[in-house]
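Naming follows writing order (A, B, C and D), and every chain is counted from residue 1.
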Amino acid sequence: MLSAEKVVANQIVVPGSGIYKLVLEGEVAATARPGQFVHLQVGLATDPLLRRPVSIAGIDRERGIVTLFYRVAGRGTALLAGVGEQETLSVIGPLGNGFTLPQAGELLLLAGGIGIFPLFSLMDAVDRSKVKVKVLWGAENRQLLEAAGRQRLVDLALDYEVSTIDGSMGQPGLITNLLESYLRKRSLESTQQRISTVACGPPVMLKAVTEICLREGLPVEVSLEERMACGVGACRGCVCTVRAAGGTLERRRVCKDGPVFKGREVVWDAEG
Amino acid sequence: MLSAEKVVANQIVVPGSGIYKLVLEGEVAATARPGQFVHLQVGLATDPLLRRPVSIAGIDRERGIVTLFYRVAGRGTALLAGVGEQETLSVIGPLGNGFTLPQAGELLLLAGGIGIFPLFSLMDAVDRSKVKVKVLWGAENRQLLEAAGRQRLVDLALDYEVSTIDGSMGQPGLITNLLESYLRKRSLESTQQRISTVACGPPVMLKAVTEICLREGLPVEVSLEERMACGVGACRGCVCTVRAAGGTLERRRVCKDGPVFKGREVVWDAEG
Amino acid sequence: MQKVDLSTQLAGLKLKNPVLTSSGTYGFGEEYGAFYDPGFLGGITVKGITPKARLGNPVPRLAETPSGMLNAVGLENPGLEVFLNAYLPRLEALKTAVIVNISGFSLDDYALMAEAMPEESCIAALEVNISCPNIKDGGMAFGTDPRSAEEVLRVTRKHTKLPLIAKLSPNVTDITALAKAVANGGADIISLINTLLGMRIDITSQKPILANTMGGLSGPAVLPVALRMVYQVYAAVKLPIIGMGGISSWQDAVEFMLAGASAVSVGTANFVNPLAPLEIIEGLEEYCRQHGYAAVREIVGLAHR
Amino acid sequence: MQKVDLSTQLAGLKLKNPVLTSSGTYGFGEEYGAFYDPGFLGGITVKGITPKARLGNPVPRLAETPSGMLNAVGLENPGLEVFLNAYLPRLEALKTAVIVNISGFSLDDYALMAEAMPEESCIAALEVNISCPNIKDGGMAFGTDPRSAEEVLRVTRKHTKLPLIAKLSPNVTDITALAKAVANGGADIISLINTLLGMRIDITSQKPILANTMGGLSGPAVLPVALRMVYQVYAAVKLPIIGMGGISSWQDAVEFMLAGASAVSVGTANFVNPLAPLEIIEGLEEYCRQHGYAAVREIVGLAHR
């Protein structure tokens, strides 16, 4: 759970993108599952103090390697970007519950921006001879799609569609449009396959796609993000709100009870 | 005064000694004088917060290079030891007043432990065709003498004597004994050369050698150390106490008014 | 090599070693079980319990600060009943002293909870939290006025025979006045400090980062303030002290014990280094060995010489 | 590109920009002259002056803490007379607003110094320091009791027409009570915070690091506490505020202004990055430009919306 992982690689993906690929060798890979995350120590001294949560994007159990992608967002990730190969990083993980791995039917992956990262590990893990995988991915613009790994989808020969807000690639507009048209098309084809949906991205996007999925009666799993301190369920800093069986509101810890939740349970914008 | 200096070298001198040689290329060398120091930023974030003062041990004005020696004492110097070649360090300096450079007579250098470091630059700077240089150096043991640069004295063909507390090299005991016997010997030889003395080392040693020098009527300059915040005279955190002309006590800033003071002025163990 | 006696006794609270974990940072004792057996600890302190369950504050509940963090969890907890029925049995299994942190909004709340805590169980002491900055009424208000603080302790004292730890707030002009008040009220032990009230603002949204606007500052940043207060309280009151606030290393722990703490408690440091409490136990032992102390309690208060 | 108006007016104190340097961290305005022309600053605040010269405390006067530092300089200063005769003429040359920080041990001390400060000179305001933690009598005692604080301001007010800045101590239970008191006493402006009382212990010598035992904590570590107090005082009192405590970057300065500070003051950060005040001025200007504010004063207090 706590290990010093060796930094095998830590490079910017596309110059200027601010998105880095970090490859770690150590104990995490042995037990990691898609949808889980690691909690990384980014500084040598007490500032910045807290660890940073980053999703596991790739798992190579045999070589004992996990791959992460991160975007430089603030001080912590900026320091992380300066870590050199062969150095070690203090890592807690794998943490969290992870995605449900479907065994049949269709798996619809919905990604908003860099929300694609945790989905990479799911694409790898799912048995595509039994499960049809479809990816819908919305982003700001083409640059982000390329930097965040569109080529990976091509390499995997995945069925995917993209949308960009500025129209620089794929369908112009939001992922919700992409989703609506896909579902419309699909219902016309009146396929009988059971479909399960997994979504990851910013909260507004998750809320919107969850509403669409629920309306259509599709089960949806969402991967949430929240500021974290402990990462292991001890501080209750990272909660989301769910409506429990009896209808009462409950708090769940994103780090321990999540980060993956059933979309129908999540109460978005909960106050109080 | 504030510059980003390039780290040309940053290596341990003797494995296990904890003493490092740091070579910086940049603006400091152009105006540095023996006895001055630099104020180094050792961290990337706000912890450790303060800069660390380190004496200038070598000045190569032509190549724009200064050499420092530092011992890993705590968190700040430990971080400094991890800085790689070709990286840059934020440096304030050169700071402080520096030693008086004698033009004739004899220069007696008194070093306690790593107090030898600032004296290196003085050895380099003094014109040895006009000034006779003699070094007396006391330390804990042989290892420290070797790690702190005894070979340098040999290479410079300097007249030196050492003492060690554990007797592992030179005269066993304290530098005060070394000094007393040297002065005795010298008075027997009844040399007529004007002698000036410069001392650097821990406070107890400085106090003891100053008392001996004053008793013998020898002028002595001492290089003091004190915890520093600003390094430029603005905070008054680093003071020492001197007895001014009229006999009244005054505080002087080690960073700005020093670090070199006339031994006869300094009030040791001043309270209040 | 000589064995150092790490055991400590603070009034009626016996500990196998002087290292505890702090309320709100250690869940209900199970979360760090994946890293080590909590039985190695001197004891653990559970999250603040209130009579009724609380959802706590909305998110964001956390913000980072230089060498510190703010939290505004707002005393989210399962409530007294669920604690007794669901959590306490699991705590029994941990084989370590359990300190239950109780927080109230009225004197009756404290009385009710003190009364309800079994005197024969793994519960080794009650920590009376009169210092939580993250709830609107009660909480810190009790802890910043000496008369109310005394009253809370007096009332709680009447309803339990368990050792009572009064947890003080650092957000006061004179910590010794509060310490004297809780001593008068019947506290057996004093723990300090709770968090310092602080805030951060998001310069993009131009709003406070925390949904609750303000929160409690903890972590290494507060260490010098906490240490000063332990030092002051040790000189002012005869009660044993549990020192906390920014302790992340054994060196920090030694500072607190020299200042007058008979035991130390590790909070925020758990988040950064889950093994911190164990490293601190080992470091304290080694410090004593190297300095020739047969028992760790010998170093308590030495900085006052 | 549109020019942003950086000028600010706090009651009678007019500043060309809202960035000052703090008392005790900027000497008498000359020490940082090697790095830049102090004329670029909104103003500088000189070291606390007392009626008589003071040697201050013995060394060690400094200790480092996580993201912070402790100082116990103890108001070393040349005294009123030498200040007026030797230092003031040199300050005139700096072409920046000079704020003189005055510290006393009695009401008479404050009266004497207020009376002695020329009303026609580079002195733009007096900062009444009722919050120094590093001296045995007076100092902080004035600043932790609202009635004494009000009295100090009332007396000082009678002896000068210069704008009066009351500098508050953070070592209090309720900062707004102090703010209201100094407002009643006649303060024109409030500055906060002074340092938090803290200490460190050397675990080798087992003694406090500072010769004075305790000292004042400053630097980034205290930022969340300072920001919270600025936010609270802004909501409680109508007087303009000079915010300080851990400001090291323009982002920090924006947080303070959003919280309610009309100007900010840079202290400890000077020691780490001598250019910090200039970088903050530039950053504030850029922030306003990017967010479409024509004047920096427009952002003051926006976090209260």
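We adopt the following convention: contacts are C-beta pairs under 8 Å (C-beta built on N, C-alpha and C of every residue); 3 or more make two chains touch, one makes a residue touch a chain.
Everything numeric in this text was worked out from a predicted model, so none of it was measured.
K.L.:
What chains touch subunit C and also subunit D?
P.N.:
A, B
K.L.:
Using the contact definition stated above, find the chains touching both subunit A and subunit C.
P.N.:
Touching subunit A as well as subunit C, we find B, D.
K.L.:
Which chain maximises the distance between its CA centroid and that of subunit C?
P.N.:
So the chain farthest away from subunit C turns out to be B.
K.L.:
In whole angstrom, what separates the CA-based centres of subunit A and subunit D?
P.N.:
About 47 Å, centre to centre.
K.L.:
Round to the nearest whole Å and give the separation of the Cα centres of subunit A and subunit B.
P.N.:
Distance between chain centres, rounded to whole Å: 56 Å.
K.L.:
How many angstrom lie between the centres of subunit B and subunit D, each centre taken as the mean Cα position?
P.N.:
36
K.L.:
Which parts of subunit B, given as residue numbers and ranges, touch two or more other chains?
P.N.:
45-48
K.L.:
Among the residues of subunit D, which ones contact at least 2 other chains?
P.N.:
Where subunit D meets two or more other chains at a single residue, that happens at 63, 65-68, 219-221.
K.L.:
Quick one: do these chains touch in a line, a ring, a star, all-to-all (complete), or other?
P.N.:
complete
K.L.:
If we count contacts the way the header does, which residues on subunit A are in touch with subunit D in the complex?
P.N.:
Within the complex, subunit A contacts subunit D at residues 45-47.
K.L.:
Mind listing the subunit C positions that touch subunit B in their complex?
P.N.:
Spelled out, the residues of subunit C in touch with subunit B are 66-67, 220.
K.L.:
Could you please specify the touching residues of subunit D with respect to subunit C in the complex?
P.N.:
Residue positions touching the partner: 63, 65-68, 70, 144, 171-174, 196-201, 203, 206-208, 213-214, 217, 219-225, 227-228, 231, 246, 251, 254-255, 258-259, 287, 299, 302-303, 305.
K.L.:
Inside the complex, what are the residues of subunit A that reach subunit C?
P.N.:
1-2, 41, 46-51, 90, 92, 226-241, 249-251, 256, 270-272
K.L.:
In the complex of these two chains, what residues of subunit A are touching subunit B?
P.N.:
43-48, 75, 79, 82
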